[in-house]
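Chains here go by letter, A, B, C, D, E and F, matching the order in which they are written, and residues are numbered from 1 within each.
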Amino acid sequence: MQLSTATWQEVEAYLKHARGLIIPIGSHEQHGPNGHLGTDAICPEVIAAEAGLEDGILIAPTFNVGQAQHHMGFPGTITLRPSTMLAALQDWISSFTRHGFTRLYFLNGHGGNVATIQAAFSEAYAPWSLKGEAAPFACTLQNWWELRGVADLCKRLFPVGDGSHATASEVSVTYYKYPDFQKRVDMSPKIAPTGPIRDAADYRRRFPDGRIGSDPSQASVEAGAELVAAAKAALIADARRFFGEND
Amino acid sequence: MQLSTATWQEVEAYLKHARGLIIPIGSHEQHGPNGHLGTDAICPEVIAAEAGLEDGILIAPTFNVGQAQHHMGFPGTITLRPSTMLAALQDWISSFTRHGFTRLYFLNGHGGNVATIQAAFSEAYAPWSLKGEAAPFACTLQNWWELRGVADLCKRLFPVGDGSHATASEVSVTYYKYPDFQKRVDMSPKIAPTGPIRDAADYRRRFPDGRIGSDPSQASVEAGAELVAAAKAALIADARRFFGEND
Amino acid sequence: MQLSTATWQEVEAYLKHARGLIIPIGSHEQHGPNGHLGTDAICPEVIAAEAGLEDGILIAPTFNVGQAQHHMGFPGTITLRPSTMLAALQDWISSFTRHGFTRLYFLNGHGGNVATIQAAFSEAYAPWSLKGEAAPFACTLQNWWELRGVADLCKRLFPVGDGSHATASEVSVTYYKYPDFQKRVDMSPKIAPTGPIRDAADYRRRFPDGRIGSDPSQASVEAGAELVAAAKAALIADARRFFGEND
Amino acid sequence: MQLSTATWQEVEAYLKHARGLIIPIGSHEQHGPNGHLGTDAICPEVIAAEAGLEDGILIAPTFNVGQAQHHMGFPGTITLRPSTMLAALQDWISSFTRHGFTRLYFLNGHGGNVATIQAAFSEAYAPWSLKGEAAPFACTLQNWWELRGVADLCKRLFPVGDGSHATASEVSVTYYKYPDFQKRVDMSPKIAPTGPIRDAADYRRRFPDGRIGSDPSQASVEAGAELVAAAKAALIADARRFFGEND
Amino acid sequence: MQLSTATWQEVEAYLKHARGLIIPIGSHEQHGPNGHLGTDAICPEVIAAEAGLEDGILIAPTFNVGQAQHHMGFPGTITLRPSTMLAALQDWISSFTRHGFTRLYFLNGHGGNVATIQAAFSEAYAPWSLKGEAAPFACTLQNWWELRGVADLCKRLFPVGDGSHATASEVSVTYYKYPDFQKRVDMSPKIAPTGPIRDAADYRRRFPDGRIGSDPSQASVEAGAELVAAAKAALIADARRFFGEND
Amino acid sequence: MQLSTATWQEVEAYLKHARGLIIPIGSHEQHGPNGHLGTDAICPEVIAAEAGLEDGILIAPTFNVGQAQHHMGFPGTITLRPSTMLAALQDWISSFTRHGFTRLYFLNGHGGNVATIQAAFSEAYAPWSLKGEAAPFACTLQNWWELRGVADLCKRLFPVGDGSHATASEVSVTYYKYPDFQKRVDMSPKIAPTGPIRDAADYRRRFPDGRIGSDPSQASVEAGAELVAAAKAALIADARRFFGEND
């Protein structure tokens, strides 16, 4: 069930028997010559939506802009400063826990978000830890490409040049969702360079077209379909395990 | 054009001839017995999307969670504190202006956002005003239901009980977008009460099912279609005027 | 009763039978060629003081500097950033509610404050709404020029050129209070232009002498006296209604 | 000259030949059985106003609520948290320096403000110090009771029981300004106890009627007049010295 | 060279030929029955100090309290909230870059710091990325136990029960530094359990004596000496590589 | 007992019979031609350590970087902005009080910290004062050079040129601790000038080698030993008095 198209009474009914929620979290940032700026929001959104449809888990709206300062050298990128993202996530978490959700599962689409999301969890726990009370909720972070079986599938689908930013895999997932927005672009070099990530000017100098280590011209709707199917199944299993934790 | 499904090169090309951007901004909060929690995000998103399709204006991703503290008594509502929303909007505005957008048009779907958005504009101008330099951008806020002609249409479509929260109009727009998620609910009382808006407990006591002054059981896909068509046309005209301002 | 010249025991006694408080809130910012920089603080302060004298309502000290970034192009203007004003109002509200005041009536003298004050109310309610408890106080905002009957009186006194900034009305109120500080200046143009409000440089370009839509050379002590008398009576009635609210 | 009743053109003219400004800064907090809640704002305001009248120095509006958390056990007290006061003072300082004031003289009326004001100066200098540029302004803090000659006068006027909070001296200054608001109260004990200042509950326990070390029943209009005259003269001399500093 | 015992002229001289700096960063938090509360500060401090002595690299004072909210259930633990740590690291980074350091190498002793430190780097880069200028510095984070060769040595020294918190390795390093503060405690169970890390109450329930997966009773001065020697050598090599980076 | 080298069980045992804690707090900033950058952290650290050794009082790790914006003109100085230091001290105080420490004694080594530390105490008390509950802790600040008898000793040891920054006394204490890091430098002028403290550029212009009013070439290990002995004894007495306070 999508929270966006549910009524409050439907959420109230859901909370009678369940306490878990999946929150897709992404970014809007350049994804190379043929990838969508919304890639990192679209991927977890699509996978979560299909899981919600199949399993009935409640899916929150997507936290759609994240920490992407290093991509600011490319038009269209939007970023939150980490301190802002920390504050925004506190409010999302407080809102959910106030309604009685106790298991918050963040399905992430952007590597650059990981540190700030984990810091945000600590920020959320800290007031409870400082007053010596048990926090009435638990958060977990899962990158969709690290769901069980997905990395292997990526490797099988794109043995060469899946890469680490603007990957063939993530572009495939967006093509699966938006087949009309596929872009055919020759990549040069075929496989993008790799290196450390720092500020935006440094990034643009190292990675002139935005990709890191990838050849996303391999992306296809079919690969996207396979990836979504695999990720969906793994997500349902993983979320169910997390929601059902007794300890 | 949707920023989400564009590449950075497409945004770069857009910026060669245009400097304006529409940002849908909404909320996730209860909308009474038959309205979606995402109503206030969906409405500006749908209207902006159709305007972008027809006119080619670039449409940003939706700022989809806003200031909704007063709705927290109803499950599923998500809120930012105003201070957090102020910070988040600074980052969105800074991101856009860094790329060279100079006219930021916020199409709003939620009355509870208005004060904080306007405060956010002042917050964004303040550093320039304090250093004595001209701000290299201008922001404007437009509620979709106040676009030219839309209020008249609402009144014509729903002469009685359009109301001010969970309105027949806004529910119609969401039904137009998501016809499979229409909910048929008898309203009791037929038309909801009105009153001041304060904290969540006060709100829930005054407005037990969440509506204010409305009878949204009148909502229909057809009314939604009419509203979106009217709002789209007015939005294109208004945004073009704002983007074209010389002074 | 003025809080400033009361003792704590007098406030304690007041709280035995009353829970309401009026807080004048204004700004220090340019008010055109013949208006005082303190106009927006002086107006609500004077009106509230007379109401307090006549009726016995407790009047807080004036929150005398507000959100005026757009006036920073004119020497003498002082501004808070909206985020700072949000924080400061939290502390004022917390201080009053800690003593047992439950009805906080902000009498405002500056249009540019409105958004931030309203956002501040939401910020004050939010912690209660997020923890699911009723807020033990209610806030309301009233612009003095929108008190019942005042707008009509302004129109009658100044049928042409009352305007929207550095109005003939507000300058009259300050002249009533400080007759020795009247300034006689020829206005050129007679009636100032109108337009949108953005950053300070833009403002100064649009409104070179600071006025918007007004001809404040019409201001007079007599008009001020009439305005204060009307506003005082309306304020007492409105504040009493708000303080006496049961729901 | 009072900034409040000046026009922006008058401030512009002032800045043609002067760069200094006096900012009265106080507090609203209990001042014992016969002292006004506004004492600490009134004292520097009155002294500065007379200095401005005699000498022509520009006087800013009063920063009228300060750091008074320890007095919150007494009704009517208003406090800013130090972090809020730090932020508010940044905005005041930024506003003044943007107009070209380079010497900001804070005349303080409240001991509890001292630490936060001094921290605020460091906060204001820090961005310049961190970027390696000279700050284009200097701030100074002066408690009115430490102006040259004033402490001696206090001692002469009230050899016993001037005290350190709700002093006979400061109450005298307010009585001089507001003779109609003198309160005659027998003090018990005659001279209040002394001790450390911590949180509000601790304060109220140690100092049940709010005074520290004082017998303010000695306060008089005449003593106030003498104090204001002495402080005014010393203030003019001290401010002139500070404004004229070349190094 | 230790910055703490250097003069400013010595640092000035250092900056004539070098631009890199090592900053030990740790935590003060429980480390099980026989580990010091300062373990995570001591380890990087000791390793960096020996590297500084051997190689002449400048070593900053230790950032000695970090993000440890999950350990708050154990007396003596001190934590910063992530938002505070983010702010503090900005000031450290700003201070160093203002002096001309361009390569900041953070040698970390605490897993719980990693997310917040990485978020802090993004926070430091963000202003540059948002204004479109190259950041004049680069930061890197290195956990001492992940320095080249160290993990292998840990495994060789403690093939069973090195664990992940209060490890035999880290306790050994502190024993090497403070041999007089070795504590001999029987561990029960011999090897501590493992599990996820959330708030402090949850942590204490899962890990009653504070350890995770470790048997630190194996710790010894000799093992510490070996670890420090290996880590020191790897640190010099890694820091030199980072400082010498041209790209 | 040093918290750093204690286990959590040892702190738990300490808390069974004691509630007081000493926190050394300093700075890293230039200390003239022959003083260490860490002087202000080293001095309270050394004195507290010896007191802890002799008396058994628990000594926290040193808060080692403070407010030193005015020294940023000299390489090696590190500063926190006052707002950051306020936040960091809140977290330290919250951590200690959560464990049951009720008497927090800050032994300070840096005059520039005083205002911010005192503001931080008010910030820590404020939430309690605003909710009307007694704060469950008390804080005190003591500069080591103002411990009973120490100022007299300084005067006796260095009758001329002890000064107020980079004093002969404080340099002596660091030489006592680190005799190998004594620096012999001829001072020119022999005794440094004095003046006000503002931003860093102003400071460097007034005090070219960093000293204020001092001739630290007089510093010696022997003087340091005397000073530490005197300060240690006074610290134990003063802390014991503070810890034992009943009121």
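Here is the rule we go by: contacts are C-beta pairs under 8 Å (C-beta built on N, C-alpha and C of every residue); 3 or more make two chains touch, one makes a residue touch a chain.
Remember, it's a predicted structure, so these values are computed and weren't measured experimentally.
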item	value
Interchain contact steps from chain B to chain F (minimum; 1 if touching)	2
Partner chains shared by chain A and chain F (touch criterion as defined above)	C, E
Rotation angle superposing chain C onto its copy chain F by C-alpha atoms, nearest 5 degrees	120
CA centroid of chain A to CA centroid of chain D, Å	54
Rounded Å distance, chain A centre to chain E centre (Cα mean)	29
Inter-chain centre distance, chain D versus chain E - centres from mean C-alpha coordinates, in Å	47
Multi-partner residues of chain E (each touching 2 or more other chains)	72, 79, 81, 83, 87, 95, 98, 130, 132
Interchain contacts (touch definition) - all pairs	A-B, A-C, A-E, A-F, B-C, B-D, B-E, C-D, C-F, D-E, D-F, E-F
Contact set on chain B toward chain D in their complex	130-132
Interfacial residue positions of chain D with respect to chain F in the complex	67, 69-70, 72-73, 79, 81-83, 86-87, 112, 114-123, 125-126, 128-130, 132-135, 138-140, 195-196, 198-202, 205-206, 247
Of all residues in chain B, those that touch chain A in their complex	2-12, 15, 28, 30-38, 41-42, 60-62, 64-65, 72, 74-81, 83-84, 87-88, 90-92, 95-96, 98-100, 174, 178, 181, 183, 210
Touching residues (chain side chain C, partner chain F) in the complex	94-95, 98
